[in-house]
Each structure stands twice: as C-alpha cells, then as structure tokens.
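Quick heads-up: structures coming right below.
Shared between the two complexes below is subunit A, which has subunit B as its partner in the first and subunit C in the second.
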Partner chain A sequence: MKLSALAFGASALAMASAASADTMTVGLVGPLSGGAAAWGSAMKAAIEFAAEDINAAGGLEVGGKTYTIDIAAYDSHYNPNDALTAVNRLVFEDEAAFIVGPLGSAPLAALVPTTTENKKITITAGFTPVAAAPEYPYSFRAVLPTEVYAKPQINWVVKSLGAEKIGSLFPNDETGQAMSNDISSAYEAAGADASAVEFYERGRVDFVPLLTRLLAQGIDTFELDGSPPQTAGLLVRQLRELGFEGNIVRTGGDATNDILAVAGPDASEGLYVHMEFDGGLDSVQDYQARYIEAYGGTMNAFSPLFYSNINMVFEAMKAAGTISDADAIVAEMAKISGYEGPAGEVSWIGEDFWGTKRQQFVPYAIGKVTGGKPEVVATCTVDACE
Partner chain B sequence: MDITTLLVQSGVNGLVIGMMYALMAIGFTLVFGIMRIVNFAHGEFYMAGAFIAFFTYAQWELPFVATILIAIAVVGIAGAIIEWVLIRPLRTDELTGMIATLGISVVLQNSALMFFGASPRPMPEVVSGLVRMGPVVFSWSRVFVIVAAAFVVGIFWLFMQKSKTGRAMRAVAQDQEAALIQGIDVGRIYPFAFGLSVALAAVAGALMAPVFSVSPFVGTAPMLKAFIVVILGGLGSVPGALLGGLLLGMIESYGATFLGSVVADMLELGLVIAILLVRPSGLMGKKEA
Partner chain C sequence: MTILNENAPDAENVGRSVWFRIALIAVACAVAAFIPGLLPNLFYVHIVNLTLLSGIFALSLWVIYSVGQLSLCHAAFAGLGAYISAIISMRLNIPPALSLVLSTLATAALAAALGAVILRLRGVYFVLVTFLFGQMFTLLALNWAGMTNGANGLIGIKAVTLFGISFGPRPMFFYLAFAMFLMVLVFVWALNRSTFGRAFNSIEQNINLAETCGIDTARYQVIAFAIGSGIAGLGGALMAHYIRFISPDTFTFHNSVAYITMLVVGGRSLFWGAVLGAAFLTPLPEFLRDFEGLQHIIYGAIMIVVLRVMPGGLISLPRTLARIGGAK
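Then we have the complex of A and B:
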C-alpha cells in the first residue's frame, strides 16, 4: 500500500513537472480596483481571451515546444509602489514570459528600469514618453498616448466647436502633470487659452469647489482628458449640476461607457469623446459581444487594443522560435505589419515622436454622445481629424 | 462670477460636504467616547449604507425614506452583532480592539469587491433639477443631502439628550464605573452604541450614494476625513464632531475655490497641526485627567 502510494506520488510529481515545463506564464499588472478599474479589467480580459484562444487551440507552438498559457495577475491600484512590487514578483517569482501593463505614467516610470534590466517585454498604456523611449527597447504601447492624438483632435475641437477658454482638471501626480502639459500645449498651439488648470488628489469624489473655481475663470469648454473613467463621469455630472452649459470634451483614454453610467445620459448628452477605433467594425462588435458574455457590464475600448498587441507578441515568439530571448522577439515584433486585430489593422508608429517604432496605431475617431451613444463626427489620422 | 456669487456658491458646497463629514465623524467619535476604540472599519459601514441605497432605491425602486430606514436597521444590527462577537472579547485591550476593526475593514471591503465588483455603480438622483438664485446654481440633490443630514443629526441629538438609553450612553462615556454603580448595563450599551455609530455612517453613505455613485472604495476618503474631523473637534466629543465636520467642509470648499486643491489640502492639515499645538484635546474635547 505504502509502495503504491509512493509510486503514485512520484508519477504525479513527474506529470506536474512536465506540465509546468510547457506552461508559459504571462503577467498582468494593472488597476483592478478603484477609479481606473475599468481600464485594468479591460487589460485583464484581453490577456484572458488571448490565453483562452491559444489554450483552446492546443497551445502555442514555439521552437518545437507547445506551451499552454497561464496568467499571473496583480492589482497595481494605479500606484507606482504596488506596480513595482507586482513586477518584481512577476519577474523573479512567477518568471513571466512578458508583462501586460502597467497602466499610467507613474507606475510605468517606476518599473520600466526593472523590466528593461531583466529583458521583459511590457505592453503598456502609460502615456509618458518613457514608454517608447529608445533606452527602454522592450516597452511597447497598445493605446495611443495624448502626445499623438492631442494635436489633431484638439485642432478639430478648437476649429469646429469654436473653443476659446478651456478648463481642465488633472490628477496631482506624474501622469496628470504629463497629460496637463500635453493637453495645454496642444490647446495653446491651436489658438485657445488653456490656462484654467487645476490638480486633484486621486480618490477625490467631490470636485464642486474646484469646478466652481474654474467656472469663475469664464471657461467655455471643459477638457476631461487625464481623469480615470469614474472620475470623468463624476466631473461631467458635477459640471452640469453647477449649470455649466458649454462643451465638455474627452480628448483621449476611452471612458465613454463609464461616463454615461456615472453621469447618466442627460448630463452626458452632447459630450465629445475620443474613440479609440471605429466602433462599427464587425470584428469589434464580435469582440464586444464576447466581452459582455464573459464579464457582463460594458466593454472599455482598451481591451481589443491590448488583445491585438498581446497576440502580436505571441506571433513574434513563434517567428523568433523562443519565448525567452526578448531581443529576438522584439526584432520579430518590428517586422509585423498589417496585423488584423479586432479594432482594425495595426501598424507601428512613433519614429517622428520618440525615434522608435513601438507604438501600436489603429485609426481613431471623435464621437458625439447623442441619445446615450457616441456617434462618429470625425475620423483621425496621426496628422488630422476630419 | 462675482465675489458674492463665489462666496455663496462655496458656502453651499461646503455645507453639503461638511454635513457628510459631520455624520461620519459623529458616529466615529461616539464609539471612541464610549468604548475608547478607534473604529477603522467606519468607512466600510459608510460603503455598506451606499450599497444598501443602491439595491433598495436604484434596483428595487423603494422610496428613499425606506432606503434610509433599511440602511439604519441592517447596518445598525450588523454593527451591534460585530461588536458583540468580535470586539467584546477584546474590550480589555484597546490596541487589539483597534486592530480587530482594521481586520473588519479589510474583510468588508474585499467582500464587497468580490460580490459587487470594482466598477462604480451610478444611482439616480433622489431629487433632480437645479436651484438657480441669480448667478448661484446648485442641485436639488445637494440641498436634499443638507436637509436630510441636518434632520438625522437633530434626531440623534434629541435621542442622546432626552431618551433613557441616550442618557445612559452619555453616562458611560463620562465615567464607566460611575455608570455601573448607577445600575446602567454597560454590557448592553456597548453593542448599542457601536450599532448606532455605524448606522450613522450608513446614513451618510446612503445619502451621498446618489451624489457620488457606489463602489467598494467609497468609504476610504470619508473615513480619512472623519479622522481629521474628530481631531479637530476633539476625540469623543459629539458637538465637536459636528463643528469639526462643518468647519472642515467649509475649509475644503473655500480653500479649493479660492486657492486651489493643493493649497486647500495643505491648509486643512496645517490647521489640524495648529489646533493640536494650541488645544491638544481639540476644539471641544476635554483634557484627559
């Protein structure tokens, strides 16, 4: 009896070792709770769908081995310290093949030296230029940053909506400061006055005093960019509660569904929003249906963008024949062109901005919320919205 | 916007947020005054009140008065049970009791996260529309918070002053041993006081839920403010909590409107330090013997 139990234990151990040898862990570090949870959940869904697809197809074949995908997910709380702790665990304990995340400039700036030193590819949504800087060659970005879309989109807002005096509120951290600079510069360059800027601590829910301060400066347009989805919804609601009748614009970072949910359709009517892609595409509709079936609620537009970028890493691994040689995988990533993701055809851009090409691009749009839904009013390239 | 408009607008804004802080802080300071325990889970009872409001008012479409009464009953009874089961055995050691409330806070917040998810849930307004008085504009939903919170504070004050249980609670807060000699059943007062304290937090959560939306994390910021308020007003002093709450709301509102939020935050904490230096027991607190 003892001998058979021992034999069973030994064989189970052997099977477990064999299984773990063919398992690839992909890390996730993003805000899974708090005001930015909508974005973190979108990232998590993307890696879960990608892993589900690969595992259902029998695994990922790389260099003659077949890997099933395992996910190690950590909540960054949109906080640099927590993000860095999570990345250390992913690099040294979980030995993740690559990392999805982080979200936000401050968490990215905190952890990118670690991921670079340990040659870990990251698929991020941090809007800081650090994400695409030449000294961090393993950092890819799935979502367009303010720096890219601010100019064409804000030119359209100033020209088409006649915006003259802009008010804006940003979180009081590196992310908010970086976005404030980008947004304000773009409005000033377009000929508008963007001097009415205030900063708030993350987690704040009552913005009425700050909005009163901005309204007292005679603003005619309010810019929502830089605030997480829930906060943006509260801002819209509280602006309307103060009787603000000017245009409210969300230049970037998809939050439309959350704004509608928090502020309600009445307060959101006429809101101008950044659309990460053409929402009418069949592939996007299919992805959205899958998302809602799996998680319920509404889908944040970051999800299909991350899904594309994650699958591009898997494709690059297959082409490179390795899951561990980050340099070879990065070289193969650069060769991928015309990848058809759910959000549309993907291309790499960034040379004009940062001297690198690690920024994912899909054509985006400006929408106007009408009857509780955003409708495309202009489509955009890197140069202009028309 | 002229200066008078700004002053009036900021005053109304400060009153709304100040009443919410006062409701939170009154319950918080009540427990400290009677039990000598800092309840770190107080914010989570605010969150529980907000979720009860979400389900009863937004989902089941019950009248808002019923929502408030359900929040008081459910959270109050749950609070009393928690005190009886988890805090009572640790009463002799204040520090252990405080750590227990920290544990309760984590359990409650993470339970809400597991059952309800992290996404914020919006609620319809209890009263919709805007009040326009010349250039001054504010929403009826905020006016409703001021009136309802003032009503609850009034009822609470009457209860504490006029009812037998209220007087017994004050007696225990003043001197536990003397209260025992007078025949007050301190063992029953403790869970009742804890239940009443967290029920006040739940009322604050239910009242603010339609204004700020609902999520497992909504209690964190009001909890931190409650700390500041009770230090400002005096730990254990109910009138001090009311005064401190309104004062903090006004400082926040006028500070953020006229100086920006960064300066307002510094001003707020600077004031707390100044009060601690001049009056270590707070504005209306009593010096420890």
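Then we have the complex of A and C:
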C-alpha cells in the first residue's frame, strides 16, 4: 500500500514537473573568433555560468512556471552584417527571451532597430551612445564605455604620473574613432597634449612604422585604449623593443591577462591598466577560479560584469512574472538596486550622459602591473579616481 | 540570290521562345507571391531577402566580367549607391523610392567617369587599380565624417515607401527585392542578347580580334562597367533601406571577394551562374552556423569540392552529371 502510494506520488510529481517544465532560450551574439574573441568568450562564459546555476537549482520560476535555460550562441565576427543576420535568427528562429551582446558599436547600431521593434532586451558592450539612447529602451550595457571612465581615470594619469605628451594608436573603424575622440578630449581637458594619434586597420600585427612615427614626436606616455587584447599585447612588446621607456597606460577595456600573455611580464612591468572592478574581491577570485576550471587559460574581466547583468534580467523576469513582456521586465530592471554580483555592488547610471539609466556601474580601479600581476593603485567612482 | 541560313530561328520559334519566357516569369511571380507566407519564420524571409540582394550584386558583377574585366571594387560601388541613397533621403527628404533611382544613376555616372580612365588598363593592372579604388572609398567613408557620419555610420535610414505601402517589414521587403531582382535579371538577359551583349562577348573572348573587327572595345568596356556598377549601386541602396544602417564596414574588400566567389562557384560562362552562386553561397553560412568552430572549415571544404568536381561552376552540374552517367 505504502509502496503503491509512493509510486503514485512519484509519478504525479514527474507528471507535474513534465507539465510545468519549459525551456527558455537565451541568445548570444558576439565575436567568438578573431582578435576580439577574448571578449566574446568572456560573454559566452557568463551566460553559460548563469544558465548552469539556474538549471542546477531546478530552473527559473517565473509566473508559476519553471524554465530551464538553453543557450543559442552565434559568432558575429565583429561585423555588422553578420551580427544582424545572427540576431534575426535569435529573434525569429530561436525565439530567444533576451540577447547577450553584441560587442562593438557597428554591430550594435546595425541590430538595435531589430531588437527594439521586436522588444528584445539586449545586454551589450557596444560603446556607441546608441546603446543607452532613449529611443532604444530595451538596450542595456554591461561594460562601462570610455565616455564614462575616461575623464576621472585620465585626470589621475595626468596628475599622478605627470603625463604631458600622449601618443596613441586606434583601430580605423567606428570603435576606434569614437574612442579616439573621447580619449583625446579627456587628455586635452586634463592639460596634456594628445595630438600624436595614428590609426591602423584591424588584423595588423606589425606596428613598428606607426610607433616609430609616434615616438619621433617626443611622447612621454602611450595610451593603449581601443585596441583588442592581443593587439594591445603586441603594441606593448613592440614599444619596449623600440626602446620606449615612458609610461604605457590602458585607460579602458580589460586586456591585462592577454597583454601579459602576448608581451610577456618584462615588457608589461609598470603598465598602468584599467581594472573593470577591484580584482581583490573574494567573489571575483571565486568567479575567476570557476572560469579557469571550466575553460582554462585566463579570464577576461568582462565575464563577471555580464554575469551580473544577465542574472539581473532573470531577477527582473521573476519580479515581473513574465519572460516575454519586455516592458514589464525593463520596469523591474530599473527597480533593482544594490545587486551584489561577483564584481561588486551594481547600480544603474547614465542619466547625466544619455538621459537614461541603463548603464551598469561597478566601482572600477586603476592597477599597476608589478611582477606579472595588476595591483590596485587607485579606486574610482563616476567622478574621480583616488 | 537569297542565301538562307538554316540555323536562323524562324519568326514562329522566336515568338514561342518569348512567350515561354513570359510564362516562366509569370510562374516565378506567382510562386514568389506565396514565399513569405510559406517560410517557417521571418529569419528565413531575411535570408531570402539577403540572397536576392546578393543575386543583384553577382549579376551586376557578371556584366563587368562579360567584357573580360574583374573588378575588386564592386562592393565600393554598392556602398556608393547605399551612401548616396541614404544621405539624400535623410538630408534632403527625397522619398527613398526616388533616391534608389537617383543613386543608381549617380553610381553609374561615377563608374563611367572612373572607367573611362582605368579601363585602359588590362589584366592584373586593372584588378589592382580597382582594389585601390575600393580602399579609397572605405577611407573616404571613414574620414568624411561630416557627410557619412564616419565610422559610426548612418543610423535610422528610411524604409522604401511606394503608394503609401512601406517595404520596411521583412515580408514586404521581399516583394520589393524580388521585383528588383527580376528586373535586373530580365535586363541582364536582354542586354546579353542585344548588340551590346554580342559585342561584350566578343571582347571577353578575344579583345584584339574584336578590335580588329571594328568593335569599339574601350567604349563597350566603359558601358559594361557603368551598367554593372550602377546595378551594384541599386543593390547597395536597397540594402541600406532594408537594414536601415550602413557604415564603412558594411561594404568592404571582403564583400567584393564574396561577389567574385559567387560568380566563380556559380559559373562565369552564363549570367545564370551568378544567380546560382548567390543562391548557394548566401544561405550556406547560416546552415553551417551550428557547427561553430568548424563553420569556416566546412565552408572552405564545400567550395573546394564544388570547384574540383565542377570547374565550370554549379551551372555545369547537368553536364558533369551527364559525363558521370556516360562514363558508367
């Protein structure tokens, strides 16, 4: 009797869970190959970890239903056409609940009309103002753009390191041009001369002619921001090989581990880097250990930032009681404050910059590479680094 | 004395052939009317739309190839058409339907002016100069920020509207793209059968002999270059009003190479080859997307197999099959 009751209970439970178990597809469009793959892989790891956590806990309960998370990931090749085709597939074929990505301004500008028309939330890393523009209300950005961190960080560089004449190299595309404007104007505003600027085509590996031209202009500081991780490593190595002894600064876009891997610890010694968050936090250390265990190699700092933002979407879905009503989810996203992610406490900023509050902010830092590791030398808020 | 050519088609046969083609077009239109509704979802409509646009680009390149020249700046002319149409519709408030026409004509005119100079070159020299022109276009689009918005590109380009009907949504754009593709296809077919087409063919076969026969090769080459580039401009303008965003990254050297690949894989000998190449290669990466890391390897392997088995391109498939059948 007891046995049959138990069997009946078990089968009823199985039937109930079969009836309520649903799958939610989350899309990813990012550079999974090529020079920017380090960032794309970091984004992919973030969604994989978030899905793994939820599925291991029995799924995401929203509006009386339990969803297991499935991932559809496509390579954007850092190209607007490919990103747009991938997002069409995610929206119409995979019917993704929301989309992680894209990375890069041009891919974002190409696909944001489609995601807006179809009310799909995107968690992006495109540095264009389009990412936070009022006309695209479903676009959230996980990573701080140059526009936000350039001023406080560059003020610190000019004041604390005595930088006077800055040399910089940027990719000759929309991302590079946008960054060049932001970085140069921030240096000029801080009182330094940032007129020594050159542009290169993505994929280039020999920078000696361009660097020689910059060095001939008597620069005392070199700005690395804007270049993909591996390219930044090549620039550091070639600069040191050319005998440059001044400070090398990377104002944004985490690439420290890749720079160290490509340039080596000797050439990277004394490098000043932007740290997307305080790397000493226990939660970050745990996340990094998990990342290395799962994928090996080194972790790009974008990953925990995306992980936080992705989980905030899941939290907002639970609060809104829906996975499909993007307006309700966005409204709940706006209410989230003090969310504790692995990279620290998250808040929404952006009203002063774009008139919206869809930019994730985590206190960031400036590090100095010492003995092959970045050590925090200043911590930053939206206003200043100290 | 009248000499009768036994091979010459009689009036009845010609009439029958024309009616057959008209019937074929009518059937194609009837089938096309149902395509958006028959496809599983809008993603497939998007892929079909991109394929039709690729078909326009490949056909336009075939026109230039039909006079024996290979252009490496075809994407630049597509981009030129896209930028002209986007800019005049956004800044001068010209309806996109009209800006499509104007950009096509402007692109053809610019190509004619450029062609008059560079078509004096032949072979590898012409290819190199077209490559340089393509790079110049990219740099111009990047650095003339006041006009092109530089690397940030043009966002919010208007959709084509005709008689109050918007061709912005994917299924509606399909009808516009299909109509344009059909128009280009019929135009290229008619061109190929005209005096121009015969002159183009003679030049492609043997330019020196054609010149000796009194064909003004320079003039015909400029005409083919202008027509081909103008059609590419139309395709680019259509793409701009469909995607509603363009940047210098949208039309690069890689796109030019992709159009040439369509021509080679489809088959260069007939204009149908260009259409087949576009229809085969545009959706192929999408079918291979699920293979992630192996996508490029499989894509390359398929291309090698196609070219190894059918050096004449996909268009030679019936001949290849007949040969294999005969060998048995």
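Please note the rule applied: the second predicted complex is superposed on the first by the 365 of 386 C-alpha atoms of A that agree within 3 Å, B and C clash if a C-alpha of one lies under 4 Å from a C-alpha of the other, contacts with A are read in each partner's own complex, and residues count from 1 in each chain.
Please note the rule applied: a contact is a pair of C-beta atoms (placed from the backbone, for glycine too) under 8 Å apart; a residue touches a chain by one contact, two chains touch by 3 or more.
Remember, predicted model here, so these are calculated numbers, not experimental data.
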Judging by the criteria at the top, classify the pair subunit B and subunit C on subunit A as clash or fit.
clash
Going by the contact rule set out at the top, does A:93 touch subunit B (first), subunit C (second), both, or neither?
second
Does the superposition put A:198 against subunit B (first), subunit C (second), both, or neither?
first
Taking the superposition on A as described, I'd like to know which of subunit B and subunit C A:32 touches: first, second, both or neither.
both
In the superposed arrangement, which partner chain does A:172 touch: subunit B (first), subunit C (second), both, or neither?
both
Classify the contacts of A:264 with the two partner chains as first (subunit B alone), second (subunit C alone), both, or neither.
first
Can you tell which stretch of subunit B collides with subunit C among 74-82, 92-100, 164-172 or 236-244?
92-100
Jot down the residues of subunit A that show up as touching in both complexes, subunit B in one and subunit C in the other.
32-33, 172
How about subunit B: which of its residues touch subunit A in the complex?
1, 6, 9-10, 13-14, 16-17, 113, 117-122, 124, 130, 132, 137-139, 141-142, 212-213, 215-218, 220-221, 252-258, 260-262, 264-265
Using the touch rule from the top, collect the residues of subunit A that touch subunit C in their complex.
32-33, 73-75, 79-81, 84-86, 88-89, 91-93, 105-106, 109-110, 113, 128, 130, 172-178
Of subunit C, residues touching subunit A in the complex
40-44, 46-47, 50, 142, 145, 150-153, 155-156, 243-245, 247-250, 286, 289, 292-293, 295-296
Show me the residue ranges of subunit A that touch subunit B in the complex, using the header's touch definition.
32-35, 37-38, 41, 172, 198-201, 203-206, 208-210, 212-213, 215-216, 230, 233-234, 241-243, 258, 261-264, 297
